[in-house]
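What follows is a group of structures, each given as structure tokens.
One chain, chain A, appears in both complexes that follow, with chain B as partner in the first and chain C in the second.
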Partner chain A sequence: MINVFTTMISHITLSLFCFNFWCCSRTFLSIIGGVIAGIWGFTGFTGFVFYFVVMLAASFGLAAKAKFSADSYFDSWNRVLLDGILGGLMSFVLFWTFAYDIVHIF
Partner chain B sequence: MGLGFVVGIIGGFLIAHAAFSTIQYRGELKIMEEQFTGPPFNVVIELLVGLGLCLWAGLAVPTKFLSILPHSDENRVVSLPANLDLWFSTTEGRCFHPIQI
Partner chain C sequence: MADDLVLDTAIRNWVLVPLSVVMVLIGVLRYFVSKLIRSSQNPDTKAIKEGQAVIRARNLRSAAHLIPSKSFRSRRIYFTNEENGLLYVPKEEAQKAQAQMFQDPNMAMDMMKKNLSMIIPQTLTFAWVNFFFSGFVAAKIPFPLTPRFRSMLQNGIDLSTVDVSYVSSRSWYFLNLFGLRGFFSLILGEENATDDAQRMMQMSGGGFGFDPSKSLGAEKDSLDIIQHEWALPKMEHRAQDVLKNLAKKL
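== the complex of A and B ==
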């Protein structure tokens, strides 16, 4: 019983360990993507398309880092492909507008 | 991890240089009274290279993933040895006496 409980705790802890690092990576890449979109001069829908392209590349990179066997490091494939995308969208928009204003307006 | 930081910093410098180049390009367009349609091709390449470097850094800087499988060789969790001091017993509580009708 103790071994089962210990295994569960270690499973959850390691999953959160991987997940926390991955959230930081997505946030960083969202910021970088926003700055690039602002410098490039993207407006409207094009900027959001660029964001999802960057997130797609990030998901592919994460899957490659997990050796395309996400079950060994995460609870499910959703954590690799989907988690953190909407949270990074706010950071992307913030730095997108910031960089666009600096480069193209001020 | 150190190489990832250096690559990320180089990517950041490339993006900053691209920003300065775009600002200068816009200044020249204003002088020539032309519309801005997009940054020059070399600036676009610089932005994409900076994006690639930052993407690599964002994935490489965090340490490698640890397997969550209990029987994996990468798992650092050590199973508890047989320890007779740790035990728990389930007690069947008998605080309520059966009601005799």
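== the complex of A and C ==
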């Protein structure tokens, strides 16, 4: 039981801090998206909606590149759609705050 | 009055940017220092042997229906018999192994080193931020938060009419702490994903040998429980069904 638990935890942490290329591009996108959201002056809910729109566009792009068949390149649809979203959220918020402050407050 | 305070440009130049820069530099420094310090851990042979035995037993369990009964039984006896089965651990040895794990100096040192290298820079930076950058509004976060966050985010600011969106530099520090993880993974390559993830992975890798007796006992029990059923006799029926379904669809 303890082994099952530890393997579960390691899987979860692996998927949160993912060691793969898809995570790299999502991080990069979330940083750029944060800067854009800040410059355009999104506040509150709109900003988060923008973040999820960008993530969806990225997932769509990846799915299109993989010709919409998750089985040939990935082991599950979850990896295409949901991988790296939460990690990117923190970076998005950081750069969003930074850009928003620089452009609108200071 | 609560919306659109205009803040001094000097705050941006001398608080936000230096704080971020310092945190990035500290992260890079910590990455290199941890690379230098990390001693090569010689893995414990016994623990690895036991781990591999558990994996083999698990594979046997999952593929049991693919081999005939006699081979399955002989494999099972190899694992679970009382004299020299791989998974059998007499009770006294179990206690000794656990006690040894706890007192093993190497593991304790390694865990301490990892913890220290994470905690010390964070503590120092936090103290520095509190000392130098307190008592003024540092930034405005673009999304509104409930007033309950006020005490957390506005620690140095003593006005209660200011919007909760205007935060002090302590919250800028925390925002950086979480947000720069992604940034680090971009500039430092994949291996430095900070604190929790690596620690948990290594604990699960080292914790695999941590309770060998329990996992071995569990594997032995689950192997003993299995009722073996060979899939080959039914294979023709299965093929028949599959083909029937296909023929129906056509």
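We adopt the following convention: the second predicted complex is superposed on the first by the 87 of 106 C-alpha atoms of A that agree within 3 Å, B and C clash if a C-alpha of one lies under 4 Å from a C-alpha of the other, contacts with A are read in each partner's own complex, and residues count from 1 in each chain.
Note that in this section a contact is a pair of C-beta atoms (placed from the backbone, for glycine too) under 8 Å apart; a residue touches a chain by one contact, two chains touch by 3 or more.
Here the structure is a predicted model, which means the values were calculated and not measured.
Contacts of A:Cys24 after superposition on the shared chain: both chain B and chain C are touched. Contacts of A:Val103 after superposition on the shared chain: chain B is touched, whereas chain C is not. In the overlay built on the shared chain, the residue A:Leu94 is in contact with chain C alone; chain B does not reach it. Of the two partner chains placed by superposition, only chain C is touched by A:Phe45; chain B is not. In the superposition on the C-alpha atoms of chain A, the part of chain A touched by chain B in one complex and by chain C in the other spans residues 1-3, 6-7, 10, 14, 17, 24, 28, 102.
Partner chain A is touched in their complex by these residues of chain C: 5-9, 11-12, 16, 20, 54, 139-144, 172, 175-176, 178-183, 185-186, 190-191, 193, 196-197, 200-201, 203-204, 207-208, 211, 214-215, 218. Here chain B touches chain A in the complex through residues 11, 15, 18-19, 22-23, 26, 36, 38-39, 44, 47, 50-51, 54-56, 58-59, 61-70, 72, 75, 77, 79-80, 86, 88, going by the rule given at the top. Contact residues on chain A toward chain C in their complex (touch as defined above): 1-3, 6-7, 9-10, 13-14, 16-17, 19-20, 23-24, 27-28, 30-31, 37-38, 42-45, 47-48, 87-88, 90-98, 100-102, 105-106. For chain A in complex with chain B, the touching residues are 1-3, 6-7, 10-11, 14-15, 17-18, 21-22, 24-25, 28-29, 32-33, 35-36, 39-41, 54, 57-58, 61-62, 65-66, 72-74, 99, 102-104.
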